[in-house]
Amino acid sequence: MQTLTLGDLSKYLSEQGLANEIRGDSDRIITGCNTLDDACDGDITFLNNPKYREKIATTQASAIIMQDDDSLQPVIPQIICPDPYQALTVSIQKIYGERRHPKWGLHEKAWIAPSATIGENSNIAPLAYIGENAKVGKNANIYPGTFVGPGAIIGDDVTLYANVTVYDECKLGDRVTLHSGTVIGQDGLGYAPAGETWMKIPQVGNVEVGDDVEMGANCAIDRATMGTTLIGRGSKLSDLIAIGHGCKIGDSCMIVAQAGLAGTVTVGKNVIIAGQAGIVGHISIGDRAKVYAQSGVGSSVKDGESVLGTPATEVRNARRQMIAMQKLPAMRTRLREMESELAKLREIVSQLTGAKDGAAGESDS
Amino acid sequence: MQTLTLGDLSKYLSEQGLANEIRGDSDRIITGCNTLDDACDGDITFLNNPKYREKIATTQASAIIMQDDDSLQPVIPQIICPDPYQALTVSIQKIYGERRHPKWGLHEKAWIAPSATIGENSNIAPLAYIGENAKVGKNANIYPGTFVGPGAIIGDDVTLYANVTVYDECKLGDRVTLHSGTVIGQDGLGYAPAGETWMKIPQVGNVEVGDDVEMGANCAIDRATMGTTLIGRGSKLSDLIAIGHGCKIGDSCMIVAQAGLAGTVTVGKNVIIAGQAGIVGHISIGDRAKVYAQSGVGSSVKDGESVLGTPATEVRNARRQMIAMQKLPAMRTRLREMESELAKLREIVSQLTGAKDGAAGESDS
Amino acid sequence: MQTLTLGDLSKYLSEQGLANEIRGDSDRIITGCNTLDDACDGDITFLNNPKYREKIATTQASAIIMQDDDSLQPVIPQIICPDPYQALTVSIQKIYGERRHPKWGLHEKAWIAPSATIGENSNIAPLAYIGENAKVGKNANIYPGTFVGPGAIIGDDVTLYANVTVYDECKLGDRVTLHSGTVIGQDGLGYAPAGETWMKIPQVGNVEVGDDVEMGANCAIDRATMGTTLIGRGSKLSDLIAIGHGCKIGDSCMIVAQAGLAGTVTVGKNVIIAGQAGIVGHISIGDRAKVYAQSGVGSSVKDGESVLGTPATEVRNARRQMIAMQKLPAMRTRLREMESELAKLREIVSQLTGAKDGAAGESDS
């Protein structure tokens, strides 16, 4: 961290193209960023979601990033700007800088195969393993307990945190970040029925992860049976995500924790798949589609479409179903009442026509 | 294990405040505890759930802990007590004692940074990694393949099983137990949209895990974007659980396998979140609330409330909906029949009034 | 890989009992297998799912395995056979052979307890850990970062990929394969309520994994509280699966990614549990049953039964419910219309009978 005033920060934001205005003491020293709740002296905080506006009165922060809003009168200095969240992001980058990794060099307690090649300035921790014929690019950070399998190819500026596993022959692009416990390239569930048992189909494909992909902790990306399981450039995955063998995920997708894709799903660009959603095999999800949380997607989704529910349908339909569902017990009661009313009415009408068990009653038989 | 008779065990239970009475041979030697199905000679078993009462006739156990029940006539000696499950728990503790860990000392094949501090009597396995400036308390057991990041702080009497990852600057309280594969402090899914791509928001917060917390295998607890992700004292998590950045979990909660919380969820005390439940971001779950299995919680839950379903609603409502749902195909059939009956009735009434296509038919148009 | 012609492959398939016929150039050299999309020169591809038949026109493969179909006229040579998927499986095995593992021997940088026993021809990687009194059979491949706990027993021909954890006293049969990050034998969620807190029930059982079981990445199999959690011979699990303490899984089951079983579930033989399904504790799932994806199973399932939905019911019922659910908003609208029609009709009938507020209206009160 560096000594930085609120004025310095405002100027830096302007330089980054984020118009803003200071209200209050521009000499206030800023040493960190924090939430309204957790901020203390030296921190700059932010208000983005109006539901937290009451917290402005009690925050211990030294300054706040917020939109112009006459109804709020913070006692602390403010940076006023149209998009506080974006300004916060840039502020965090300015204040904290790039993440620092331990300096291991090619540590003597790492196990690096003689046939592996490691790019300049790479940082291989004790207890990391780099397999035969693996290639690791420049400026890598490979943490302890991480396994890079034989023949794997890792681009430049890659960070693999502790206890990551990259199986043999898999490829990671440049600037890929994988968090701990994530596994790339294990065999998928490839079996053919063989009477009462299962015959394994050798899984001879691999996984390729595009440039700028980040994955959270404990994800599991199956290698393809044949060919390649693909995670497109710039896609971001959270934790505990399962991607089946042969999936092709497009660029700049976002996949939220605990979502799962079965085998051979094709996902377009800029798709959002929310938490705990599941997608069956052999379908496609169009560009810019959105799959809502916990949905179960059983058929292909068109470009730009948003789906919700199990089985997933277009989101407005699904919401109508969910609302109707909440009314279902009342509907059931009303249906019974109407049935009774209808029977009584039929009885009266029968009497009027003098024709008991007549036409109106037929459907009882 | 030690030589222990049924009489010794009964006496020990009494000393622990669990009133009980022996029926049958109090000299029977007890060497283990097991289920009705798996018990063999020397084992004491138990009956807690009446659904298993038939198994009493065939169990190979040497004794049984059960409630007083005249309808059951076990041929093996019994410890009769009001709460067999509690008595079993105490019996297991008595018979098996504390879990024993291998004795590694500060093993020469561990990698411990010179700047790290390790409390007395701690046990650091070969192939464990303790980072720069990390602090580990007394009596720790750190298993092989486990990573304690730079600046992490670990309390006393902590056990980290094999292949656990604790990221830099995270804190664990006293008597914390983390099972294998669990990851504490990876970056959460923090990105701001930037045109067609995503801009990473540096995740500069940490995770704090309270005293007496236990987590199962392969959990993933995101560090906060800013500030702290908190797991309250005495909370117990099962396996494969995802906790998003900035969540604040209260004390003595229980979270069951594969549940997931998005970012910035506030959970009160003594909350139970059942398996595969999902909770959206930025809401709160009140003290003593209960979230049923597979529920999808989209809005805040009050103190003491129990919710079920997707979207989750109060449990009795949800159950009524689920029951009605099962009747839905029949309701649909009945609705069609009533429609037909109504049409026929309308026709008859029209004939009676001599006014075809009259008032009753208007809503068809 | 070896030099192999299409004719050689056809002959090999025949020898394996798979009748087939070549059309086109039987001297074509085959060096790999790949999908219609990803195949290039030297690859043999296959058509199994008719939805991909258009891709035949554009594939770059050198040959194709397919059924006899006059409507398709591939320009590349064909192996015609009744079951292309089975022929593909055998072809992959022929072309790629057994998976090759690095040759480590008993690597000097592995940590092997002096009291452990290792069978002949086993291959223990650097950075693997074999605990006190553990027994590993013949021909094992134990990858880096893998932990075999004290007293664990591992059969012959077992492969444990990188960063697997097998807790103390657990047993794996012959030919077991565990993929990276999978954890066998952690404590389950065993606590008894103790006022406002939880009292831990020591988990003194273990896990036994039968012969020929394969598990994907990052699974979590709880040890039994007492006795044994059992995974039956020949069962196949995908990724991120949670199995609770004391479950007994039968032989030759298939469990798909992210499915979860609570404690003490008994599962029969040849059961299929699809992705993200959840099963509550203390129930049984019969032989050859099928649990569909995302289902929530709350009560026992009979032999041969297929269930779907939450709560799960017999699959045809569940599908009827799902279809009815999609009609629910329309049903709700129709119910309201009928209500209105009924009211009008009642009014007319009242006028006809001269008895306002008569019998048919009673249920309004």
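As written, the chain order gives the labels A, B and C, with residue 1 at the start of each chain.
As a working rule, contacts are C-beta pairs under 8 Å (C-beta built on N, C-alpha and C of every residue); 3 or more make two chains touch, one makes a residue touch a chain.
Keep in mind the model is a prediction, meaning the values are calculated, not measured.
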Subunit B against subunit A, contact positions shared by both copies (same if over half, else different): different
C-alpha-based rotation, subunit B on subunit C, 0 to 180 degrees, nearest 5: 120
Subunit A-subunit B separation of Cα centroids, rounded to whole Å: 23
Residue numbers of subunit A (touch at least two other chains): 127, 145, 163, 181, 218, 240, 258, 276, 325, 328, 331, 335, 338, 342, 345, 349, 352
Subunit A partner contacts - residues on subunit C that touch it in the complex: 32-35, 37-39, 49, 51, 85-86, 88-89, 92-93, 96, 99, 102, 109, 125-127, 143-145, 161-163, 177, 179-181, 212, 214, 216-218, 234, 236-240, 252, 254, 256-258, 269-270, 275-276, 293-294, 322, 325-326, 328-329, 331-332, 335, 338-339, 342, 345-346, 349, 352-353, 358-363
Residues of subunit B defined as touching subunit A within the complex: 111, 127, 129, 131-132, 145-147, 149-150, 163, 165, 167, 181, 183, 186-189, 191-192, 196-202, 204-205, 218-220, 222, 224-228, 240, 242, 244, 246, 258, 260, 262, 276, 278, 280, 282, 296, 310-311, 313, 317, 320-321, 323-325, 327-328, 331, 334-335, 337-338, 340-342, 344-345, 347-349, 352
